[in-house]
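In what comes next, chain A is part of two complexes: it sits with chain B in the first one and with chain C in the second one.
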Partner chain A sequence: MSSKLEARSISRSFGSTEVLHAVSLTVPPSECVALLGASGSGKSTLLRIIAGLDAPSGGHVLVDGEDLAMVPVERRGMALVFQKALLFPHLNVIDNVAFAARMAGTRRKEARAEAMDYLELVHLADYARRPVGSLSGGQEQRVALARALARNPRILLLDEPFASLDVQLRHTMYDLIGDIRAQLAPTIVVVTHDRQEASILADTIAVLDDGRILQHGTVHQVHYQPATRTVNELLGGLNTVPGMVSDGHHHSVLGSLPVQTGATDGPSDLMIRQEALTLVPARGPTSRLTSGSAGGEPPTIKGCVSGLTSLGARTLVRVLVSSENPTGTRHGSSADPPPEVSERSLIAGGPLNLGNTEASGVTLTVDVPGHPPLLSGQVITLSLQDQRAWAVPTE
Partner chain B sequence: MNIPITGSRPHQADPHSPAPSSRQDLTPDRYAARGAPGAVTLRGVVLAVPAVVPVALVIGVSVVGALAQSLGLMPFIGEPVLSTDAWAGSAGDLGRSVLVSAYIAVASTVASVIVGFVIALYVLATPRMGRIIAGLSAATIPIPHLIGAGAIGLLLSDSGFLDRTLGLPPAFPTLVGGSWFGAVIFEYAWKESAFVALVLIGSMSRSVSGMCDAAATLGATAWQRIIHVVLPLSRPALAVSALIVFVYTFGSYEAAWLLGPTSPEPVSVRAVRLFGSVDLAARPEAMATALVSLGAGIVAILAGLAMMRRSRGLR
Partner chain C sequence: MTALRPGGRPSPSMPVGIGVRGRPVLRTAFGVLLVFWILVPLVPLVLWSVAGLWQVPAVLPGTYSLDAFAVLAVPGTLAAALSSLLLGGTVAVIATPLGLMGALAAQALPGRCGRAVDLILLLPLAVPPFALVMGANITLLRLHVPAFAGVVLLLVVVALPYTTFMFRSALATYEQRFEDVALTLGADPRQVLRHVRAPLLSAATVRAFFLAFLVGWGDYITTLLVGGGQLTTLPMLLGSAAASTGNEQLVAVLSLAVIIPPVLILAAVALPATIRTRARKPARTPAGTWVRALTRKAGL
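Moving on, here comes the complex of A and B:
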């Protein structure tokens, strides 16, 4: 049932506007890839080109090595589930699911018998004879999914199919997709603008922006090792600190932090996921940043609370880290930038349009569980878990 | 989590502070200001009066007047005398006229629906060229049938434009004034197919594209998409527009009068001829004919609505 999908240098222009720029993507058999991007990034256009509903301006779509350029949509062996269920209103539930078999010439009775298997898969066998107008939004999407699966597609394409569902229903659908993957193992390409959805559903995530794939990697890679600052932002990263990389360390208003091996020397943005930062009890020294590598402890950063945003069960704590430490004490020499890169140049020379950078420091956001009893202006200490600082060259 | 507090600040950033409520309850006073359900219904009736009264007045007076005249109760001259002569005396001719009108209406409706569906299909399938066709169709709508009938006469008559430019063979069927009402049906099909197409385009333009995409990804070929998706989706709009076309062409007068043969006459032509006759005694017969035309139209509408209600697509 599953096949390998390749998109090679796919381009698409609408008049003078180019919405896809030589996009290449490979999806191994039985894998699930999420195309993640903001509205207008070109992800749905790419999916429609793969499905054959739109023709590319350049490039090729291959399935198991076969070029599909001359293959019409109905013979590509793919099925697409749209954001709207698009169930046929003149057919009842089972006839919607049996549609593909009927179009293939299967007799009505057999087609309905096959359709019933797929309705059972999506737990809607009891709704077989109902008109589609009597279904709820979630049931409609499940029927749409069953209808697509009944096509026995080589590749299943999902174009934001759960975007209009409520959170609880969405998680039910995620479980359903998991069941389907376990039972049928189809190759899946899912388009979404929801990074959480992409992380739950997909094995790998391809991040699209402005018609280009910025990064294609595992869920962990795109979250904690973003290729660019844009990827970090699209994946919900809230902390970007401008600075300079040299000798495996990023030097910034935060001080000096060890970064990944192979980081390119020069102007760089430091990415620290808000989930990688934790609040720790303050200790005696009031240094701005303490590298804990010598003692085997994670680096810590001091700052003062500048705001709190409740996320329900979690809270985002915004912490202002000044170029001077919050208590007015000069920072320790161990954390100073190298002589050739002054702190002022790091701040003034960096991209000052950054949302979280201020003239006298930087605001870091920390995602903490519960509702910490913090006061605005309170001095707190942050700890960076697992050395998860990641530097990328400044765009 | 143990967070030491090392300083205090004058204000607290508390994420739990309740947001000021913007909700305003519907107090009894506000409810009364809005109005109780009964008051709302009464207001609706009052608002509808300016639209309903003139229509009811015109139709009611017309029907009652026509019925009275057909029964001799409202003679042009002389004393009112109840008589059914206008109905019974020409029942045979009236029946033939009804059949002719029904034939013209059925043929025109079928042709309009088929051509209109094809036009709508083309417009929806080819957005760029379709826009031109949709524009031409829209431009056809406001042309009066009288002008259309005149143009069709100039085009299709024995010495018309088509005959002069193409030199039609003598065996070519007579369209204008022919016994099959060819030119009449052609004129109605030309005008009404544009109407049908615009109704279909308006009703399907938002849904048909997505549905056809879904069907295509499910393996339906272009032809299967037309038969199994577009046609069923268009059925409600097709039924409504077909009903309108049928009723209109059944009772329409100009095209049949200009392009049809002198005999047999459609109901509408017969009614107008008798009404305009120098013999004032024919006036009751004209009214009876007009009422038959009206009755046939009402029967057609009721039958059409009953059929559509039974259809699943219109629920």
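Moving on, here comes the complex of A and C:
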């Protein structure tokens, strides 16, 4: 059922506007790839081109090595589910699901019997004879999925299929996709602008921006090893610190932090995910901050709380790190205690922009569970988990 | 005192009675008035058709008789009815697909071009039929166009704005992605046309066909002037009967003969939809009701 999908150097122009710029993407059989990008990034256009609903200005779409340029939509063996369920209003639920079989020439009775299997898969067998107008949004989307699966597609294309559903329903649908993958193992391309959805559904994420794939990698890679600052931002990274890379360290207002092996020397942005930072319990005002790798402990950064934003069960803590108070730990440097931060000056002049740098320092955002008892202006220490600092050349 | 605005927020200035209960009552009242507006003129017609003797100043007929209905069984009347049916049907058969094509063209063309096509297609509504016929009559005569063809040709022009408007409205809300979905589900373009587009546009098609049929069925001026007496339809019979005095019963019966068939067709088309809608969960939109009711046979 599943096939390998390749998009080779796909370009698409509308008049003088180029929407896709030589996009290449490979999806192995039975894998799920998410095309993640903001509105207008070209992800839906790419999906339509793969489906054959739109013709590329250049490039090729291949399935199992076969070029589909001359293959019409109906013979590509793909099925597409849109954000809107688009169930045919003149057919009831089971006849919607049986549509593909009927078009293939299957007799009505057999087509309906097959359709019932797929309705059972999406737990809607009891709704078979209902008119589609009587279904809820979530049920409609499940029927749309069943209809697409009943096509027995080589590749299943999902164009923001759950964007119109509420959070609870969305998670039910994610479970359903998981069940479908476990049972049928289709190759799936899902378009979404929701990074959480992409992370839950997909094995790999291709990040699109302005018609270009900026990075295609595993969920972990795109989150913690972003190729560019834009990728980091699209994946919800809140901390970008400009600086300079040399000798495997990023030098910035934070001080010197070890970065990934192979980082290019020169002007670079340091990416630190807010989830990779943790608050270090206070050890008293006179405690010395230990060295990072030299001491076998993660690097620490000292700063001053400049704001708190509740996310419900979690809290975003904004911490202003002054240039006068860079990393508490300076790898390979002296173990002298860092100068104390002047709380008053930080509060007065502290920038509140997330991840933005100011002349005097940088604001880092930390994602912590619960509601930490912090006060604005309070001096705290941050720890960088697993040395997850990632530097990319400045764009 | 508060009341609900359409948006659902309380309006301090609006009394509860008007805001919540008053509007439905007003709507019902206006609806009843509208029905009376349409039906009241038919009452004297019905009374005249069954009146034996009805003299001024009597409010109701003095005696009743069904004698006038015998005219309906006269071969000439039946032939005229068939001619009307043929004329209405021919006009509808030609004007309906033309209306669809016109609407598709207007939709496909960008901005001003689309609006220009709209304007051209709606133009016949702005021209009085009499003027249109007088202008075209001479040309048709010179070209030796047969009477029936000439009448059909002109009536199609008159019907075109109605059919175009019906399809224009339907296409405005038509979801093109239904066809995309059907294609990806393996339907070829012909199957998409038959199993998706036709059913989804069938409500508009039926409405357009019906309106175009009415244009041909009820026409008098064009049939009289272009047909030149060679084409006898029900309205022609009615016109000649009405031209003389003392035929009130006959005129009334012929009038009903012109009115009732389209009403029956309308009822045959609309009532099953209404009954089905009431019998199950209501459809989301009236258009949806039409689609489901009228296209069930056209589906799979």
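By definition in this document, the second predicted complex is superposed on the first by the 355 of 395 C-alpha atoms of A that agree within 3 Å, B and C clash if a C-alpha of one lies under 4 Å from a C-alpha of the other, contacts with A are read in each partner's own complex, and residues count from 1 in each chain.
In the analysis below, a residue touches a chain if its C-beta (ideal position, glycine included) is under 8 Å from a C-beta of that chain, and two chains touch if they have at least 3 such contacts.
On a predicted model such as this, the values are computed, not experimentally measured, just so you know.
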Combined model on chain A where chain B meets chain C, clash or fit: clash
Touching partner for A:A125 - first (chain B), second (chain C), both, neither: neither
Contacts of A:L86 with chain B and chain C, given as first, second, both or neither: both
A:F99 touches, of chain B and chain C: first, second, both or neither? both
Partner chain(s) touched by A:V73 [first = chain B, second = chain C, both, neither]: both
Per-residue contact with chain A, leading partner among chain C and chain B: B
First (chain B), second (chain C), both or neither touched by A:S310: first
Contacts of A:L165 with chain B and chain C, given as first, second, both or neither: neither
Partner chain in contact with A:A113 - chain B first, chain C second, else both or neither: neither
Partner chain in contact with A:S134 - chain B first, chain C second, else both or neither: second
Touching partner for A:I380 - first (chain B), second (chain C), both, neither: first
Overlapping contact positions on chain A, where the chain C interface meets the chain B interface: 51-53, 72-75, 78-80, 82, 84, 86, 88-91, 99-100, 102-104, 131, 133, 147-148, 151, 157
Chain A contact footprint on chain C (complex, rising order): 175, 177-178, 180-188, 191, 195-196, 199-200, 280-281, 283-284, 288, 291-292, 295-296, 298-300
Chain B-facing residues of chain A, complex: 51-53, 72-75, 78-80, 82, 84, 86, 88-91, 99-100, 102-104, 131, 133, 147-148, 151, 157, 279, 281-282, 305, 307-310, 315, 368-380
Chain B residues touching chain A - in the complex, by the definition given at the top: 1-9, 11-16, 210-211, 213-221, 224, 228-229, 232-233, 235, 312-313, 315
Touch list for chain A against partner chain C, complex: 51-53, 72-76, 78-80, 82, 84, 86, 88-91, 95, 98-100, 102-104, 108, 131, 133-134, 147-148, 151, 157
